[in-house]
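Chain naming follows the written order as A, B, C, D, E, F, G and H, and within any one chain the residues start at number 1.
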Amino acid sequence: MSGDDAKITVTINGDEREVPAGLTVRGLLAHLELQEGTVVVEWNREIVRRDRYDDVDVTAGDTIELVHFVGGG
Amino acid sequence: MSGDDAKITVTINGDEREVPAGLTVRGLLAHLELQEGTVVVEWNREIVRRDRYDDVDVTAGDTIELVHFVGGG
Amino acid sequence: MSGDDAKITVTINGDEREVPAGLTVRGLLAHLELQEGTVVVEWNREIVRRDRYDDVDVTAGDTIELVHFVGGG
Amino acid sequence: MSGDDAKITVTINGDEREVPAGLTVRGLLAHLELQEGTVVVEWNREIVRRDRYDDVDVTAGDTIELVHFVGGG
Amino acid sequence: MAAESKDIDTFDEPLRIGGHEIRSRLILGTGKYIDNETMVEAITASGTDVVTVAVRRVDLDRTKEEGVLYHLDPKKWFLLPNTAGCYTAEEAVRYARLAREAGFSEWVKLEVIGDQETLLPDVEGLLEATRTLVSEGFKVLTYTNEDLITALKLEDAGAAAVMPLASPIGSGLGLLNPYHIRLIKSRLTVPIIVDAGVGTASDACETMEQGVDGILMNTAIAAAKDPVRMALAMKDATRAGRLAYLAGRMPKREQAAPSSPTTGMLD
Amino acid sequence: MAAESKDIDTFDEPLRIGGHEIRSRLILGTGKYIDNETMVEAITASGTDVVTVAVRRVDLDRTKEEGVLYHLDPKKWFLLPNTAGCYTAEEAVRYARLAREAGFSEWVKLEVIGDQETLLPDVEGLLEATRTLVSEGFKVLTYTNEDLITALKLEDAGAAAVMPLASPIGSGLGLLNPYHIRLIKSRLTVPIIVDAGVGTASDACETMEQGVDGILMNTAIAAAKDPVRMALAMKDATRAGRLAYLAGRMPKREQAAPSSPTTGMLD
Amino acid sequence: MAAESKDIDTFDEPLRIGGHEIRSRLILGTGKYIDNETMVEAITASGTDVVTVAVRRVDLDRTKEEGVLYHLDPKKWFLLPNTAGCYTAEEAVRYARLAREAGFSEWVKLEVIGDQETLLPDVEGLLEATRTLVSEGFKVLTYTNEDLITALKLEDAGAAAVMPLASPIGSGLGLLNPYHIRLIKSRLTVPIIVDAGVGTASDACETMEQGVDGILMNTAIAAAKDPVRMALAMKDATRAGRLAYLAGRMPKREQAAPSSPTTGMLD
Amino acid sequence: MAAESKDIDTFDEPLRIGGHEIRSRLILGTGKYIDNETMVEAITASGTDVVTVAVRRVDLDRTKEEGVLYHLDPKKWFLLPNTAGCYTAEEAVRYARLAREAGFSEWVKLEVIGDQETLLPDVEGLLEATRTLVSEGFKVLTYTNEDLITALKLEDAGAAAVMPLASPIGSGLGLLNPYHIRLIKSRLTVPIIVDAGVGTASDACETMEQGVDGILMNTAIAAAKDPVRMALAMKDATRAGRLAYLAGRMPKREQAAPSSPTTGMLD
């Protein structure tokens, strides 16, 4: 058997979600079909620069916030 | 038969009314149970002074206005 | 002696003035060096249309108002 | 010669003043002809209760503030 | 009331209209009260000396109680009849004559209304009616708008007092145009009594601060949730505004200025 | 004064600050009067129960007459010391302690000024000083600006009353921001006393109509041409505004509404 | 100016008075400018289509340059003669006839002044003169006060436009009485052009927001420190007020309402 | 737009905040529009160079279209992120850092809200967050209240611009306190941009006439019946107010002054 379909649970934008194990932040954004340019990633309360998307691994129990700009005054 | 119960029609405050024939203004006020002190009489567009109440006869077709003071600003 | 230099006195815009005798309204405007187009003539309280400038003679004692447009609100 | 007329210098309400040596706060108020009831005494930045006027000695170099109520909004 | 009287005597003089002297500068209407008891109580609380009344047909079919004289003692209050509801000079003159015949006085509050929706006056009608009534010996207090020119003409016509509005009758919008009210007061010699539009106490106070001689109101008191309490408020507010005008207010400053001494501070 | 008292008892309840009960809703400052006689006469005319005083150095070289206690009987008026002129929390606390030592009470009107030109409060300093003084058992009436958030924090800090300004001290510009004053009143439970900026009677009347509990003023009376008459005007105006608020004003209408019956007119 | 025109065409329709169509809702007077160059520059900057002129005697002793026609090209601007300075209907009619004789049009801005100090109109004179001039075929734009009743009568008399004042001529006090201006607009069908009293751009903007059809001003521009810049400001302000009126403003709220989403906040 | 540009170049200089230059003095929020098309059309009509945006969670379950970047081209408009919805300094700082990470700039419109009902700022939180963000190299535009003292402290703390409110966010109550806005402008050197409360064009015009450097609004346009037309009105009104301020308004006069010559009248 392979670990390909292994899942971990992380908290994204306040909701617990199952995502594939072994993803980097870039992998997570791809998995969620989010276009990198428009999203900012906060990983366990720490902002992840775009140039570090490949260096940061998403592991079980992580708390991730994915934010962008919306209309506001 | 006597004329005691003879009636005439006059217009008082806009309404046609039957009143006994042969009344003076004073008699009319008494007939209508109006207290003289508080009412002003206009008889055929002419104001009737209190001291002339006995001199003015009410005849058929007369137009009479009986007014007094009411609350107003 | 000729009447060429005969003078008459008329009241123009409130002031008595001597002007040559025998002028028409058109002649008067020329005498005063006023450009016809911009002036309106009131002659003895009666407005003189432009087309009648030649018909109206200025005679002694006339009261003439010459008005135009000035800046105003 | 006696020390009766010995003087010390203290700062009262911002001005340096010579006052007799050996005064208590009560003595100082008397010396300044101030009526006790209406004045509050701050001695070296510390408020002196009325019942301690006899216990506090005024010594050279003390900074004393004597305040009262004046008209104000 | 001793204290009260002393205040007035010391701090203000009575209002004079024609020969008449009035101690209170507040005049009240008597319309629109929920009941006659409230009306009398409010009028009493207001301290007014003069109340207005309207001239209307006797209702021959209803109890005779409706007449306002059954509730207001003419010895206690001066009754000032109005010509409310009249849309022509002729009509207003007719009502004024009937009012005089009631025998209380030759005084009348003249109204000639120009428009049913706004109850704004018809100044042409006002001038005509004022001239007629003055020639018949009436003392005419004229309800008018804020127009100085009309006010000057009404004075020339012999009006005993000119009564410009603060805002439309019964609107409670307050003093919409203090500038024009001050203007009228500054140019006329007869008393100026602001009539109609006052909605609450500060409106009355502000109005009197313009220097006018008095205020006439009705709805602001009759339509308040608690008319008697509002009547008391209006009494105080009218006097407050008058006294403030006489006292002469402090100048306004764009900068602040301390109320306590800036000297004598501690080190 | 019987009539007066009856009015109050019937038409309004006393103002309660901390445990204290005050009958008049008008509080007066004692600064800037041309002379002490005028000050006492004006304070008396105003009917106030509470007057503010400042804490300053005794002038050792001048007559002792200057002390305000020589003119104001503490039995007749409650003396409320202020911290006017203080620019830091520490300074204000020092003045408050000295004031308390004078032995009249633990009440203080707290001012921490943030700018000499406008005398506007420093809200950070106010909050710090309020916390300190409350912890030392003072009853603190805090002069502040129109900011609701600061007012809520002052209440949390234990202020006995919150005193937002109508406009800058001594400006006489009147109630610049009724909206925020209403807002503060609607959200706090401690008494709201508008302090500073009132210039004339209608300002006081309008201020009380916002529903606040009282007004504190000084310059409007002291700098009026006739301070005593203005004091009387302010007494009436404050009460008028309060009563109007309690009475509940008529609704405003864009249309007019007749005060006299529209029926019963003649043909 | 392409963008400009597009705006107007898309967002507003032209003002129609009588048969005439005017693209700009701002009408300018031509008096009181420091010099003719500034006048022409300001008028040009304002984008107006119509300017008013006065009728006066030719000065026989001075240079002929004084006539305004030497500076204003009647092909570029519609010249609207006024009857300023006339105190009777008869006088105003005389000036109107002389103005028409100048041959530009039968339009006249009618003024009948009732008082030298305030320059307020004499409404009786206005009505008489309007009737006479209309019967002689004039198109009469009548300067009047804020009185609805007079405005209604002027419309009945045949006025092509009614022009109530914002405040007295040359005062710059702004819109003293928006309520009455709205009232007049709501009841008349002819165009309402507010004439006189506007002092700065926000006055013009607020005036147009009342829904009126246009504004006539003179002193606000001529007496500004920089008339040309103020003319540009007035052009923008007039259009801004008009567009805001047509756009329909947001409702006022006593409570706040966030402009940014309240959901999607981080934990 | 040639004419437009010429006007600006001739009659006003651009607004400078920090190093940045902005041609339009009107800044718009992007919230509360019925749809994105209307938002973009209104923003375009307004002529603004800068629009504010909020930072919120991506909605993982909804279409990706919701992001404002799908509708607003960052090359056309400078995007100014706000910290709306933050109730503490710490929270606001967190949002500001996330916003900067989006990579457009180090600019942020700082909000620290003190109360959910009124959305009024917490000045203590504002000061703390401003100091932190400035130390991290942010350019901070701070939304604050009308308090001069707080404004002065924000400037000391390094704010690039201070943005006092006209009235509460989304209320549309207009400029409640022109006096304090003028005061802040007169005492600070950084740009003053009035933020929140403007309801209609005349509010914007009057606000700019106080001499402030710009206006930020959202609801007044988004919640107008016709947002695009209102956006155009606001563009004109903002410029009109600015130009009127620069032009220098005529002095107000209590008396009238004729606009037409008083000489040269006929006999």
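The working rule: a residue touches a chain if its C-beta (ideal position, glycine included) is under 8 Å from a C-beta of that chain, and two chains touch if they have at least 3 such contacts.
Owing to the predicted nature of the structure, the values given are computational and were not obtained by experimental measurement.
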Both-way neighbours, i.e. chains that touch subunit H and touch subunit D: F
Of all other chains, the one whose Cα centre sits farthest from subunit G: D
Separation of subunit A from subunit C, taking each centre as the mean of its C-alpha atoms, in whole Å: 97
Separation of subunit D from subunit F, taking each centre as the mean of its C-alpha atoms, in whole Å: 35
Length of the line joining the C-alpha centres of subunit A and subunit F, rounded to whole Å: 59
Inter-chain centre distance, subunit A versus subunit D - centres from mean C-alpha coordinates, in Å: 74
Numbers and ranges of subunit A residues touching at least 2 other chains: 14, 42, 65, 67, 70-73
Subunit F residues counted as touching two or more neighbouring chains: 29, 31-32, 54, 56-57, 82, 84, 117-118, 120, 169, 173, 179, 218-219, 222, 254, 258-261, 264, 266
All pairs of touching chains, each written as two labels joined by a dash: A-G, A-H, B-E, B-F, C-G, C-H, D-E, D-F, E-F, E-G, F-H, G-H
Subunit A residues touching subunit G - in the complex, by the definition given at the top: 14, 42, 63, 65, 67, 70-73
Residues on subunit F engaged by subunit B in the complex (per definition of touch): 258-261, 264, 266-267
Residues on subunit D engaged by subunit F in the complex (per definition of touch): 12-15, 32-35, 38-40, 42, 47, 49-50, 65-73
Residue ranges of subunit H in contact with subunit G within the complex: 1, 3-4, 7, 11, 29, 31-32, 54, 56-57, 59, 82, 84-85, 94-95, 117-120, 168-173, 199-202, 204-206, 209, 218-220, 222-227, 229-230, 232-237, 239-244, 246-266
List of subunit G residues in touch with subunit C within their complex: 29-33, 36, 39, 52-58, 60, 64, 66-70, 79, 81-82, 84, 97-99, 101-103, 169, 196, 216-219, 222
